[in-house]
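In what follows, subunit A forms one complex with subunit B and a second complex with subunit C.
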Partner chain A sequence: MPEEEVFLQGNEAVVEGALRAGCRFYAGYPICPSTGILETMVMRLPEVGGTVIQMEDEISSIAAVIGAAWGGAKAMTATSGPGFSLMQENLGYAVITETPCVIVDAQRSGPSTGQPTLPSHGDIMQARWGTHGSHSIIALAPSNVQECYDLTIEAFNLSEKYRTPVVLLSDGELAHMRERIVLKDLPIVNREEFPKGPVTFPLGEELGGVSPFPTFGRGHRTHVTGLTHTIVGYPSESIEVQTKLLTRLIGKISDNRKDICKYEVHNPKAEHLIVAYGIPARSAMELVTERADIGLFQPLTIWPFPSKAFRRAAEGKKSVLVVEMNEGHIFREVERHACRAGVEEIELCSKLGGGIPAPEEMLDCISAMEGE
Partner chain B sequence: MVDTIEIRLSGFGGQGLIMASVVLARAASMYESKHVVQKDDKYKREESGLYVVQTQTYGSGVRGGASRAEVKISKKSINYPEITTPDVLVLMSEEAFQKYGSETKPSTLVLIDPDTVAGRPEGDYCEIPATVTANELGNKIVANMVMLGAVTAMTKVVHPDSLKSAMKDLLPSETLELNFKALEEGYDLGKSCGFEIKTDWG
Partner chain C sequence: MENFQIYREDRWPHMFCPGCGIGTVMSCFQRAFLNKGLDLDRTAFVSGIGCSSRLAGYVYADSLHTTHGRALAFATGLKLAQKDLEVVVFTGDGDLGSIGGNHFIQACRRNMDLFVVCVNNNNYGMTGGQVSSTTWHDYLTTTTPKGNPEYPFDLSRVAATSGANYVARYTTAHPKQLVRVIEEGLGKKGLRFIEAWAACPTYYGRYNKMASPVEHTRWLKENSIHIEQMKVDGKTAEDDIDLQVTGKVTIGVLRDADRMSYLEAIQR
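Up next is the complex of A and B:
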């Protein structure tokens, strides 16, 4: 496909990324600031032969997406704050049924209704642990409109490769922001289809933890269930079966960090390191371009956390400052890895209230650290 | 001379300030590079063109609620997307004046629509009768373009032809003639104000 230069809103860039990735089904319920994704999908998806459904709520939206994925489509939904809470149960259903799908959360300031349309990063831990039970999840966080496009494609690619739901954590600021971007011709990954012919059930363990996908209606006898199931899909109460299943589901993500995790490091030799993702990473870049003593570690993949890469970046640093638009969701993750890397000073620079941290506010946090 | 210009448009929902900001941002982002050296490689265009970020906030009520749009235009790549103290401040409601009227620096160009704002700032300002002018042209809905014309005249931040190209992309074709007229009227009003900001590229 030819590359094109366009001027788009973050929400629109997510849609363009989804279409390039091959998304042909979208179900959603309007909620600001994610509504622009639904609106743009309504206009764009039918043009490429896809289907858009406005469902009665967010629970049914993600349910429709899971169904469409089993029907063979690349499928997506998008929501904000309260809607993401409603999706949590079915997010777990997608995890245990190993359904490839993408869920976009344009985060807004909460809890509950909170500040509709104002940005926050209060759902970072909800993306990780919002659904019940032991599991792994993949979550990505863009910081500009170009990354909204790039990481939506990446979200689809990872969901197809690992047969898992992937969460894209945008926010109210990014959703409504416009920038010029390039609609790049990026590589597209498609799920491996279960082979035709006599039904055999290869063990996930033998295939790096990921089994081929037995699409509905293509002659496979398949049982899709949220119950703990054996490799042939039948429910089981066995401790051994559950242990094997969870070990494989968690392992297929946690053991593949090297392939899954994307991050950026700026000013690697600086003595102070800022850790920031999403919009705050842009504020941090203002400082990084002006001061040689400040570096930046920006995880594009939030979950699984790029722990090895971060430890390498943190080694020998005088201090690590974690800047987040919440009360410190990845702070503890960073803290334990920074501790292991031998960093003594690790602080949180927290911005609540529905705004984004200005570079000056980060400098204040750095001064406060130095003053102690 | 500034290498980055920060423009804040504030008023109430329904005045089209977000649309005005999108027209300006799109013009600067997509059409302005024609007026500087065009390079063959499209990725090099970034170097010759302008970097632009447009942001917006609005209340849940939409029409009648507070509305704010911001455009940041620079020769350098833009990291932090928001505006702290604007170089250009457009005020089109009393609420906007109360909220943003004092968030200025001595060099800030303040443009006020006298029909929608009662208060006046302590420093210099320029009255642009956008609503009245738009009404005279036949529809007050184009007051946003009158204001945009005035901003352009005072900053030369984009060529008026770039604005017109962006308007063709974004506005219904049957409204273009009226919107172009509003832009030109606003341009003349802005010129007669006597204030200006010089940018690196203007």
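Up next is the complex of A and C:
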């Protein structure tokens, strides 16, 4: 497909990324600041032969998306805080049934209704642990409109490759911000169909942890359940089966960080290191371009956390500053890896009010650490 | 084997209690499905959570056993992604009428092209006999030990007034009629709703003085009245909405409309 230069909002870039990735089904429920995705999908999806439906709530939106995935479609939903909370049970259903799908959370501040139009990164831990039970998840965080496009494609690709739901954590600022971007012709991962005929092991570890997908309506006669199931797909109460299933489901993501995790490192030789994702990474970039003594580690993949890559980046640093628009969701993750890398000064620059951390605020934090 | 024509032999014996009405629904559905000559490879089964919802997993076809109350929403996505697949939903009164109540009325309102079979046993069987949205007033359950202070939903009336194209109800004591309406509904478009009013001798029966399957089935028979008989008796349509007026549950085909279905509407 030809590349094209366009001027888009973050929400629109997500839609364009989804369409390039092959998304053909969208279900959603209006909620600020993600509504633009639903409204743009309504215009754009039918043009490529896809189907859109506004459901009665976010529980049914993600349910319809999972149903559509089993019907063979690449499928997506988008929401914001309150809706993301409602989706948690079915997010876990997608995890255990190994259903490829993409969930966009344009984060606004909470708890509850909070500030509908202001950005926040308060759902980082919810994306990781919001659904009950032991599990792994993939979550990506863009910091500009170009990354909204790129990472939406990446989200679809990872969801297909690992047969898992992938969460894209955008926010209220990115959703409405307009920038010039390139609709790049990125590689697309398509679903591998289960060999013809009835399915004998829809979820087996025999195939290296991820099995091809037995799409409904093609004669596989597969049984899919949110109950713990044997490799034939039937419910099981056995401790052994549950242990094996969870070990595989967690492992297929946690053990593949090298393939899954994307991150950027700027000024690798600097003595101070900032860790930032999403919009704050943009502010940090301004600082980093002006100051050779300050570096930036920007995880594009938040979950699984790129722990090894971060440890390499943190080695020998005088200080590490974590900048977050929450009370410190990845701070502890960073702290334990920075400690192991031998860093002594590790601090959090937290901004809660819906404002975006400015470069000067980060600089103040770094100076304060040095002054101690 | 005759018994397993559409069911998974390798999952036998099934989990249902002796005397449970779900067994009757299974055999009625199989008869109707075979009579209709439908293809298991081109039919998918979706269900929520509960004893009734386990039905989907016994059919030898693609089946999605989902989360409690949400079957209709999953089924909606599946149908829209593969529009020529017949999508059948198995659900219970708790799954459909209580936790899934909103999805139920919305799917009916949309006249979504789904075939829905609800096994209404007036209580939550799977979790041990708690009150549901169809438990009768003053009846006993583990969570209404002094009698149910609430009033029940009439699921079929809810479906009909919400816009479902085809609505029929029979009890599991009327297997022939159940086969007939399932067969009739399978041939139609839009949302088709079959309510199978069923015995749960283990819980609802045991707590309400009809612990044996025979007694429970007699109760179903004695407390149901055919819609045509209602007309003969001069009862109005409103009377049968409130069980407390007639004391009986209306059975028969309660709605057979030809409203444009969701798929027809979006494919115009």
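Some points to look at:
Criterion: the second predicted complex is superposed on the first by the 365 of 372 C-alpha atoms of A that agree within 3 Å, B and C clash if a C-alpha of one lies under 4 Å from a C-alpha of the other, contacts with A are read in each partner's own complex, and residues count from 1 in each chain.
Keep in mind that, in the parts below, a residue touches a chain if its C-beta (ideal position, glycine included) is under 8 Å from a C-beta of that chain, and two chains touch if they have at least 3 such contacts.
Just so it is clear, the structure is predicted and the values come from calculations on it, not from any experiment.
Partners subunit B and subunit C, brought together by superposition on subunit A, fit side by side with no clash. More residues of subunit A are touched by C (comparison of subunit B with subunit C). Of the two partner chains placed by superposition, only subunit B is touched by A:Pro359; subunit C is not.
Draw one line from the C-alpha centre of subunit A to that of subunit B and another to that of subunit C; the angle between them is 110°, to the nearest 10.
By the touch criterion defined above, A:Ile250 lies against neither subunit B nor subunit C after alignment on the C-alpha atoms of chain A. Contact with neither subunit B nor subunit C is seen for A:Val241 once the two complexes are overlaid on the shared chain. Judged by the touch definition given at the top, the superposed model places A:Glu56 against subunit C, while subunit B stays out of reach.
Once the two complexes are overlaid on the shared chain, A:Ile188 sits clear of subunit B and of subunit C alike.
Legend: residue contacts after superposition of the two complexes on their common chain; A:Thr225 is shown touching subunit C, with no touch to subunit B. Put simply, the nearest alpha carbons of subunit B and subunit C end up 26 Å apart when the two models share chain A.
The intersection of subunit A residues touching subunit B with those touching subunit C, taken from the two complexes, is empty.
Of all residues in subunit C, only 8, 11, 40-42, 44, 46, 57, 60-67, 70, 72-82, 85, 102-103, 106, 266 touch subunit A in the complex they form. Those residues of subunit B whose C-beta lies close enough to touch subunit A in the complex are 22, 25-26, 29-30, 42-43, 45, 51-58, 60, 79-82, 84. Considering their complex, residues 24-25, 27, 51, 53, 55-57, 59-61, 63-73, 75, 89-90, 93, 214, 216-227, 234-235 of subunit A touch subunit C. The residues of subunit A lying in touch with subunit B in their complex are 3, 5, 7, 32, 116-118, 173, 176-180, 182, 279, 282-283, 285-286, 289, 356, 358-359.
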